[in-house]
């Protein structure tokens, strides 16, 4: 049987890419020793052909890992300092190692973990590899194609900038996240929740408020940012105000929806006990509403960050993530801009992740949590 | 215990009025075991819900223990077992059974004691710390019965409690329910779709028919109070079952 | 016709009237040029646009231009239509700040995005810390209007003579209600709107020729605009400017900064600007080759 | 009809009226200090009522009174040529076009991602966390740079704004569609298996129809997000056209009334878009035989 | 038709292995009506799913029509009726019945013809244009039977098709199913929880018991092929029912 037919498509594509690279040699006009060039090809071929050996999953993954990351490491260290000189061969080889990495991820996704910690590890490793490759490809393209760093800096420079600017970043995080976002988030969610309870208590209020609330949550509320700055001044209160307004309605709408989530039978049960409003609320309807409330908390976590940062475009003290982003663009320090963005994404992910963990703990009983 | 006179209940729906109960007269004495049987939509659930003050009749009169249903509900005069177990998934079995006790403000020590007792009663000793979804359907249903028993009301309203269970488990629970009834001398109103179940359990069988929902027959059982499972193969049993089946047939057409 | 893309540093307003007039009156056409004018905005850095190839020539302030050059975007000043700075700091007369000596411990509003350099240079000269506290000044990144003063959020704010100053007047302040610190008058001015191109492109004679024609037509536009401020204002509004009266008035003020519309760079002012930036470490090494007078020499006689 | 009146119209009207009253009180409270300063500088004294009227008729109030906004909105919507730079209809149309384009891109992208996640194990395992992370990046902060960078490669006009909308709107669609494509019960899938149906047949005959309600629900969220993206994308494009630019130029000249009118216009566009998507959803579901609510 | 020898199926779950089927031997001849009965979890569904190639046995051998189950599935040798009707809500009844035909690539004209014929067969003439939710539960179940019949496989696998229906409707469908079976001479495998249903319908009753799932008894019915509903009150019927009940009791403890 034709051995090519036995290969997964990623390997076949990687081989094709290697052939293209051979045609486009040299990898770089200067700056890449013949030995490293040979090593790159050797690793790529190994990675592409290893599936033929039908090795055990662990061994195969290990080989694939080396065969994907070795070449890309060599290529990236070769291109550094020779930005913009990359030819076809460079990109073809990057593509080949990326395909091998894809093969690796496929192998890992299909792997049947033998133990629990092993399974958790796999669940973390697979997406991590994906993210790492996003950065590697970015680095390779920016350096390889010689894109001016003031348009798009490579991740490595962003990393260096983060490492060198920790105090500034910390001050910005302190200003934007710990002051504006947290204050606004807690006030907005608390207010939305309280009004939801009120609306639940008083039918008239609910009937009047809900159509309005549903509508308002679709509006481009972020547009009030300049007005809030005008009203509440430059410092964090105006940002918090934007966040309050942005988070209020999703919380209101979700909580009210959640409060109707308890089944009618469960509610009738409470009636047969002649339970009061607050007893029913506390023992039945709030627990049943928890998944909805957490949904709102999660949506709001991303809204809050966006709101605070955009509001900082319209006037701030000289600290804060939004301030930094907009001024550093003006100063051509694009690496600093990306450093702030990376920090914002990290902070946002942590915020979200923590909420997701709390949600799992609190709504442990919900089928969506139990099942997964 | 329960007395209904000319009871009417009409639901106003989008497609016009639905006569869920029409001119229902019924007397249920203390300590009786009454089964309600009839095709879907004949108002069995509605009647139970009227007793429980979950639905307001639009005509006629009903008293529960000599009071209005609302008064009876306020006094927590009955336990209600729904068709599905309706346990709260975020509470353990123990906590679920304790729920009515919490609401009635019973002391923690007393709660513990009663929960233990009722869980023993339904053969769920040792499962108190589990969550509902960790139990089989039959066990969940027993937990929900335990919850209705926990506060020791004299009247037990059960709406197809065993509908979702398989025949064998059902037989077993039927036996236990009879035993419990005999021991505690509660009044039980029991909705079912199964003729053998109705005949096996009841002292009185109420046959209903739909459109409008009304009582077409009330059959008093002649079976002894002591009923082993194989009484169901006795001629007397079959005769009553036959009468129930005939009553059901008379009340409805087969086209659905 | 040869295509030229011009990136402005701000939104369409009379600050750029010369270019709009030149386009509208066909001065560019006469020079066989097809000019596209791209307005800017609060978060558009013209230096970034030109580095990315989105424009052939940009309008920017010298401080920002030199800072970009320091970062490796080799910008060269080819003409300097604005001879004087329009920026000033104003404080309400009934407020706490009357003189430079009163700044300590107060809050001053400044624009960023390249406009903050003259302010920092000035504070540097005064020896005031910009980190806040009793001995320094608290700096605000102010919004693009005069609300901070009206809302009393800052003790003094930055305004342009041709723009925000008049918004204050519109808001009911009379000139005598305001204390003005004008950067030009104090000798603290850094050069504002100039025309910049990329150095390597300029090496191409064809491009150089195009720029000569462009500058010639633009300066003709400026001259016309300065002489006919009302018409220029209308042209700006037709091109997307807001508020006709405001634009006409702005044109009148801008004309004062243009001087005789020859676009020639005053070398002294350049040296002073470059030195101030170096002193403040806004640029890391002395600027070299950041301007050429060749274009204006050829364009204007 | 009377039910509708009792359950909806009256409560909503009452709450809206309460909001308007609160708004008037607010605009008095917020505009009064400046008016006092102004009067003091001009040396004017006035009666209470005159003073109240003056706070409601400032040309650049801190908080414009509802009627000021209404007048401005009506004037700039109905009494301007739609091609005029001052017409809100014109600006709304500009914003609408990039919203719709971005929304279309976002929906298609979201669906493609969802299809990938449902069918390719590798993507299922590796993509989801990054899709969530992608939304924690403050893309709005990046909007100016994106527009500059895209302009550098020759993409200008509608597309850069639309891309920002795309970035915001693909997320709800992707998440909703993953849920939707996975919504068929096991039994429905097994049924297909007993027919020996191919993956394509399962997809078209089962997964796609089953996901339709999810699709429309998430499209409603996506279209609102899309609008936000378009507006924020307009902020840095030089205040040329669009509701975002209207907000921005309003803020340069403290034209609060204009800003509020622009916000109202934006809100109307939002409501219009969301209701259109909702309507499309209802029609589709009706055609597909969903039970009328 | 179906022959299983020493069939084993073990599920690997988080809590350890579950022996769903253990050493099952069974022969089913052409044209038989076989009922599977047994308590919850005894592997009835699993056995049907093995026949249908929805589950792979972990041991033993099984052939369907002399082929492997996979082969049989590829050839579309059987129709499967699930416990719930499992109709697609976005398709009309007609379209639902046509679904397997579409997938098998049968021409539109032929599809129309067959859909009409099978809908007539289950007494749903005239309901083709309705959507599932516009029909009662019993009618939906008949539509799902029609769908399984539409492509005319010789073998019909039915997993508690009438579980969710009330007794009266159920009786009626039972009659109709028997009639259909007599007319078409298909082989039917039928899972149920109800003893009377199993006895009434089958030529062969397979009694199963759980943990591990195995066949404990196979009872061949002595009832005639012609069975009016009141055969269920005959002594012969009761005798078979008794034997089934005994078989079930023997196979299980009541603790669940």
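In this document, chain identifiers A, B, C, D and E correspond to the written order of the chains, with residue numbering beginning at 1 in each.
Note that contacts are C-beta pairs under 8 Å (C-beta built on N, C-alpha and C of every residue); 3 or more make two chains touch, one makes a residue touch a chain.
None of the values given here were measured: they were computed from a predicted structure.
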What chains do chain B and chain C have as common neighbours? A
Two chains joined by the most C-beta pairs in contact, as defined above: A-D
Between chain A and chain C, centroid-to-centroid distance (C-alpha), Å: 39
In angstrom, rounded to a whole number, how far apart do the mean CA points of chain D and chain E lie? 52
For the pair chain C and chain E, the C-alpha centroid-to-centroid distance in angstrom is 85
Among the residues of chain C, which ones contact at least 2 other chains? 42-43, 45, 48, 51-52, 143, 147, 151
Using the touch definition from the top, which residues of chain E touch two or more other chains? none
For chain D, what residues touch not just one other chain but two or more? 62, 144-145, 148-149, 152, 235, 248, 251, 254
Listing every touching pair of chains gives A-B, A-C, A-D, B-E, C-D, D-E
The chain E residues in contact with chain B across the complex are 39-40, 136, 138-139, 166-169, 172, 193-195, 233, 238, 242, 248-249, 252, 254, 256
In the complex, the residues of chain E that touch chain D are 49, 52-54, 73-74, 76, 78-80, 82-84, 86, 88-92, 99-100, 102-104, 131, 133
For the complex, give me every residue of chain D touching chain C. 34, 37-38, 41-42, 59-60, 62, 85, 143-145, 147-149, 151-153, 156, 235-241, 248-249, 251-254
Chain A touches which residues of chain C in the complex? 42-43, 45, 47-48, 51-52, 64, 67-68, 71-73, 112-114, 116, 130, 138-143, 147-148, 151, 153-154
Using the touch rule from the top, collect the residues of chain D that touch chain A in their complex. 7-8, 11-16, 30, 62-63, 121-122, 124-130, 132-133, 135-142, 144-145, 148-149, 152, 220, 224, 227-228, 231-232, 235, 243-244, 247-248, 250-251, 254, 256, 259-260, 262-263, 266-267, 270-271, 274
